[in-house]
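Note that the chains take the letters A, B, C, D, E, F and G in the order they are written out, and that residue 1 is the start of every chain.
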Amino acid sequence: MFMEENRPIDALNNSKGKRILLKLKNGTEISGTLKAQDLHLNMWLADVELKRSEEITKYKDMLIRGDTILYVVP
Amino acid sequence: MFMEENRPIDALNNSKGKRILLKLKNGTEISGTLKAQDLHLNMWLADVELKRSEEITKYKDMLIRGDTILYVVP
Amino acid sequence: MFMEENRPIDALNNSKGKRILLKLKNGTEISGTLKAQDLHLNMWLADVELKRSEEITKYKDMLIRGDTILYVVP
Amino acid sequence: MFMEENRPIDALNNSKGKRILLKLKNGTEISGTLKAQDLHLNMWLADVELKRSEEITKYKDMLIRGDTILYVVP
Amino acid sequence: MFMEENRPIDALNNSKGKRILLKLKNGTEISGTLKAQDLHLNMWLADVELKRSEEITKYKDMLIRGDTILYVVP
Amino acid sequence: MFMEENRPIDALNNSKGKRILLKLKNGTEISGTLKAQDLHLNMWLADVELKRSEEITKYKDMLIRGDTILYVVP
Amino acid sequence: MFMEENRPIDALNNSKGKRILLKLKNGTEISGTLKAQDLHLNMWLADVELKRSEEITKYKDMLIRGDTILYVVP
């Protein structure tokens, strides 16, 4: 169903507490559980996996600046 | 017909629920069904195909930051 | 004739409904019929020809982000 | 004579209707007759010569985004 | 436990006086004790270790501009 | 003598009518007589010498965009 | 001692009249005596040493644009 009154950021509303994928402008991919976001797309993720050049690093929590994000996959 | 009172973003008004194509500043092409957009050109697409260097990846939903967009083809 | 009270964007006022040429910061050239523009130089063009590295692609409509534009030739 | 109350953009006040030279951040040089400018240094030039890599192109009118400008020579 | 009213920057609230890790956009890694932060993610760290290309430099105090930060690991 | 109430831009107050040196972000060096500046560090210089890759060009007047400046030497 | 009410820029309050080190985004290092700073991290330094590619240049005074700064070491 398509709701005309939605804002783009509403795509994340159902993702709180669920896993999302972030693609950063420098190519890095970050997946984690969404704990909080704001209008600048700053995001707080938990249980994070960061993937860069096929190397994966894990972090318990991470705060990502919104201006580094290319897109978000809920 | 040409309407002088249109704003550029109005080009997308008839595209809600339809397929559009985004060209990002880094060359990536993203096509999907437009679910929502705002004045910063942040966009929420569904049934997404992302094409980069001839490789295609599919996503159910995607939120794209407007500042990464070069142009939009309705 | 030179009118001192003009604003730079007024150069486009007589171009609505006519062909204009955009040069983007990444070198791409886009020509089309101007349907709408705003103060950020976001533009809505129709009957678009996009030229990049001597390759031409045609689109019926296009919304171009103003911050990607280098200059506009009315 | 030096006037302490001048603003930098006032350097262009006496240039309306006269030839000026713009140097863009990408190295392009643009000369033309100044028809209008604003506080963002957006400029409308007439009888334009654009020089890039020793190649010169001529345009009747041009609107240049201020954020692409490095400096202006009145 | 997941609190829906959190803001992303709240991820740092429990980190004051504790060690955090910053990844900068140029690849540099900076770890230190968080003394203060603001909404732009400007940060004041103490007992700093800066790592770039496997070389480590130590500083007693450091003020980092928020716009250079990619992400923060509490 | 050190005055605690100074703002950084006050470093230029005694430079009006005197020679200053600008270093631009692209490496270009510009020296000239300061005629006017504003809070964005936009500057109007007279009797300008522009030095790039050891080549010097002279201009009677120049308006420089503040956002291209790295530092200013009074 | 850790004071929760500090702002990051307060890290510089005790540095007025003392030597500080700036690292710029282009890799240049600038050290000098802090005479004034503002909220954008624009800084006025005296008795400046600028180091780039192992070459050192000295200046009596310098105004540095805050947006070119990576970090500051008090």
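The rule is short, and it goes like this: a contact is a pair of C-beta atoms (placed from the backbone, for glycine too) under 8 Å apart; a residue touches a chain by one contact, two chains touch by 3 or more.
Note that the coordinates shown come from a computational prediction; the quantities given were computed from them, not determined experimentally.
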With a Cα-based fit, what is the angle in degrees between subunit E and its identical partner subunit F, given to the nearest 5?
105
On a C-alpha centroid basis, what's the spacing between subunit A and subunit E, in Å?
19
Here the gap between subunit C and subunit F, centre to centre from mean Cα coordinates and rounded to Å, is 34
Would you mind pulling out the distance in Å between where the CA atoms of subunit D average out and where those of subunit G do?
34
Calculate how many whole Å lie between the centre of subunit C and the centre of subunit G, each centre taken as the average of the chain's C-alpha atoms.
42
Where in subunit F do residues touch two or more of the other chains?
67
With subunit C as the start and subunit D right after it, run through the chains round the ring.
C, D, F, G, E, A, B
Tell me, which parts of subunit B touch subunit C in their complex?
2, 4, 6-12, 25, 41, 66-67, 69-74
Inside the complex, what are the residues of subunit E that reach subunit G?
16-17, 24, 26, 28, 30, 35-38, 42-44, 59-65, 67-68
